[in-house]
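Below are two complexes that have subunit A in common, paired first with subunit B and then with subunit C.
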Partner chain A sequence: MSIAIEVQNLRRVYRASTSILGREKKEIVAVSDVSFDIKQGELFGLLGPNGAGKTTTVKMLATLLIPTSGTATIAGYDVVHQAQKVRESIGFIFGGERGLYWRLSGEDNLRYFASLYRLDPSEAKKRIPYLIELVGLKGRENEKIEGYSRGMKQRLHIARTLLHDPDILFLDEPTIGLDPVGARELRSIVRDLQSEKKTILLTTHYMFEADALCDRIGVIKHGEIVALDTPQNLKQGVQDLSVIEMEVYGIGSEVLDKLRAQPHVDSVSLEDREQKQALVIQSSHGSEIVQDVINNLNGYRVERVVVREPTLEDAYVRLVGG
Partner chain B sequence: MQRTTTQTGLLYTIISNLRMFYEGSRLSYIALFHWLRPSTYLASKIIMPLNQILFFTFLGEFSGQNTRDFYVIGNAVQMAAISGIYGVTMSIGGDRWAGTLPYLFGAPSSRLVMFLGRAFFHILDGAVGVIFGLVLGVLVLGLDLSQADPLLLLLAIIAATISSSGLGLLLGSVSLVTVNVWFFNNTLYFLLLLFSGANIARDDMPAWMVAVGDILPLTRSIEAARRVAAGGSFDDISGLLTVEVLLGLFYASFGFTFFRWIEFQARRRGTIDRM
Partner chain C sequence: MLQTTRQYTRTALMAAEVVLKEMAVDSFIMFTIVIQPLIIALLGLWMLRDRPDAAIYVVVGSGMSGLWSSMVFISGNSINAERWTGTLEMLVAMPTPLYVVTAGRNLAHVMQSLLSMIAAYAVASLFMGYALDIDHPLLFIPSLFFTVVAFISFGLIMAPIFILSPAVDQFKNGLEFPIFVLCGFLFPIALLPEWTTPFSYLLTPYWAARALHESAHGGGDVGVVLASWAILLLSTVIYVAVSRRLFRVILRRVREDGTLGLA
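Let's look at the complex of A and B:
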């Protein structure tokens, strides 16, 4: 299978001014040194915490940002020197609902972008209804998009990016801010694209989404790839772990520190859920240490203790730290 | 045989490109021109011109410097600047507010076509505005156009809208990077009122004011419109209008260069979605 996207030692440094007058400049290394290949027809996920450099990477691949150093080729074209060729072969969306013309209908938005992608008007006439149908906006296409829901706008973005039928797609957090049903609908569209053999680079913060969709996943942290494998193998990497989850009440950071200091405890995280808290502990000794943990929580209310198999999220947490 | 196919192929390409240009221009006009609600649109086409024409005509007449028709024609042609400056600026700067710049700059389309397309409908719309202004002048203020060749008048009007839209394209590009678009727009509109000869006869201006008027749009088309109204022929205005259109093209190409520079800077500095 041939390579659709080839990234070599890509690096991007931003200069941001730190004072009001902009005299003092600070350098921010957003992407430090990133290399990976994506095969034709592959769905590749890029995961990483906020600020890890995902969007910056996507922008460089989409010709919107010039790399500080390193190279990337898309369908064999260099993203800097053959930007025009690259643009013809790719489609991209940055999550969220901006980037559409609010005063135009959904259909007219697509018409305008069709003209930007030099789609022949008679071709656009056939393509636009097809795409409207594909993203499930049929019947609403003549309404101005200022009345669209967030999910509708994000689906319209997908239609927009498919106008010129690109082989390669960059989807930066396409499901951000969608309700579970909307996110599921969007995922099913992504799956359809996958079955059409599109090459897709997807970023997301939803681990189950990445697990369900991606052929391979790259985990990026502080601008560097810290793991790159199939979801199965990434999970395999934490097979030695088991995960203890319990519902607790009123736990503070000193307790967490105490837990972290226990033998066989790999990582501890705490998440607030209304009045209660969810305590998640990764350990290679699983159920054996449950009693120790509970002893350490002496005096706190503990409910619903579960020991389960690791998920992609656990693999992710171990990789990026938590 | 080969030749005919390439010829039809070429014709087809030209037609489909024209259709794309038209479609893109029309949609960008609707998408980005905020005044395009029936009420605001009519206000900009009737109430604003009427206000301005009445105001300056009475003011001018009161001072007794020039004839009533002088002011009516000057201010009617000046209406071209409403579309040319305000309309075109909105059409270029509007993408900043819509958040569509990444998708524009990431598209493979010709930037020149995209850029000029943003002005196209405002050129037509500006001409409509000037015609409205002249009609108001005839109806309300008794403007006398009996000597005027309508076709020549139309030429002068189109030249006025082309040149002011050219300046609008430059201001529109500037609006992609400045905070206060309206300050620039209002300043230029005001400068045009003063220096273009709409309200002060250029013969009465000091030399430096004449010089400023020489490099502004509208100056020559206003003069041409007055000559046409006085019964002038094509030869009387062709020189003026040629320079007027060239001036518009100069501003437009300056604007385009600036637009490309902004695009390049945005890619270099990573400001595409922070503009």
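Let's look at the complex of A and C:
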């Protein structure tokens, strides 16, 4: 299988002025050193915390940013020197609602972008109704998109990016902010694209999404790839762990530090869930340390304790730290 | 080559259609291109109420002010609006060059701002009873055509500068009124101090105003009108050539600086 996307030692540094007159500049390394290949027809996931460099990497590949150093080729074309050829070969979505003309109807947006993608009018005439149907916007295509829900705008983005039927797609957090039904519908569209042998680079925060969709995953942290493998192999890397999940109330950072200092505790993370908190502890000793953990939470209300097998999310947490 | 030209023309016209549809529901834009020039026209007509023969001068001048305001304000605003809404990044990452889209957008701005000239004409003739005869329509219509083309190409020079950074947008306020004055939209530049004349000669809108005023109200001196057309054509060719280069350089720069989007 041939290589569709080849990225070698990609680096991107932003210069931000730190003085009023703008003479003092500070360098911010968004992507430090990223290398990976994506095969034709592969769905490759790029995971990482906020600010890790995922969107910057995608923007460099989509020709919107010029790398500070390193090279990247898309379908054999260099993203800096053959940007025009790259643009003809790719489709892209940046998560969220931006990037559309809100005062126009969905169909007018697609007509405009079809023209920008240099589609023949007769081809556009066939392709637009097909795509509107594909993304489930039939019957709403003549409404101004300022009245669309977030999910509908996201689906319109999918239709937009498929107008010229590109072989390579960049989907940067396509399900961000969608309700569960909307996100599920969008994942189903991505699966269909996968079955059409499109090459897809997907970035996401949702581990179950990456686990369900991706052939391979690269985990990016501080602008560098810290792991690159299949979801299965990444999970294998944490098979020695068990995960203890507890529903707790009112836990502060000092308690987390105390737990992290306990023997056999690999990582500790805390997530707010409305009034409750979800405390997640990774440990190679599993249920053996549950009592010690509860002893350390003396005085705090603890409900529901579950010890489970690790998931891709646990592998991710171990890789990026928690 | 022919196919590419056809594709680019289609896209430019599509971009114009998008702008017209979007602007039709924007009250600020409608004020800038219709109401503001109308106010200027009414003030001018009132000030020159003893000289009904000058009414057409005021109507043409107020139309030109609408044209210029549209170029400076709306072109600049629309680029920054595209930056805010995330569509500027989309446009840059498309296979169609951005100057094609910009030319279409400028066409829409110019066509729409001609509305202000028609509005002023209608008010002066229908409500104020002025006889607004255009002295030399055969010279006026081509003058209008060359003006439109020259303004579109002038907008092609300005657009990449607005793309460079959102900060450039702040300077556009200072560009509006000096051009009204220096280009003789509302009164002849002969009334200005002599040292300002070379500046006027350097500005395309001055030659457009001169061709339009001369054919609408002046003596219809064919030599003056033809010279203005020649300068408008020459400046159009220069602006188009310079803007192509400017788009290339500035788009490379914003991709290096990362200033295309806001995030």
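Everything that follows uses one rule, which is that the second predicted complex is superposed on the first by the 321 of 322 C-alpha atoms of A that agree within 3 Å, B and C clash if a C-alpha of one lies under 4 Å from a C-alpha of the other, contacts with A are read in each partner's own complex, and residues count from 1 in each chain.
One rule holds for everything that comes next: contacts are C-beta pairs under 8 Å (C-beta built on N, C-alpha and C of every residue); 3 or more make two chains touch, one makes a residue touch a chain.
Keep in mind the model is a prediction, meaning the values are calculated, not measured.
With subunit A as the common reference for superposition, the partners subunit B and subunit C occupy clashing space. Touch criterion not met for A:Y130: it reaches neither subunit B nor subunit C.
Once the two complexes are laid over each other on the shared chain, residue contacts for A:L100 go to subunit B and to subunit C alike.
With both structures placed on the common chain, the touch criterion links A:T63 to subunit B and to subunit C. Overlap of the subunit B and subunit C interfaces on subunit A comprises residues 14-15, 62-66, 84, 87-88, 92, 94, 98-104, 108, 111-113, 115-118, 121. Taken in their complex, subunit A has these residues touching subunit C: 14-15, 55, 62-66, 84, 87-88, 92, 94, 96, 98-104, 108, 111-113, 115-118, 121, 164. The part of subunit C that touches subunit A in the complex is made up of residues 7, 10-11, 14-15, 18, 21-22, 25, 85-87, 89-96, 101, 252, 255-258, 260-261, 263. Across the interface of their complex, subunit A is touched by residues 16, 19-21, 23-24, 27-28, 30-32, 36, 98-100, 102-109, 114, 266-270, 272-273 of subunit B. Residues 12, 14-15, 56, 59, 62-66, 84, 87-88, 92, 94, 98-104, 108, 111-113, 115-122, 160 of subunit A are the ones that touch subunit B when the two sit in their complex.
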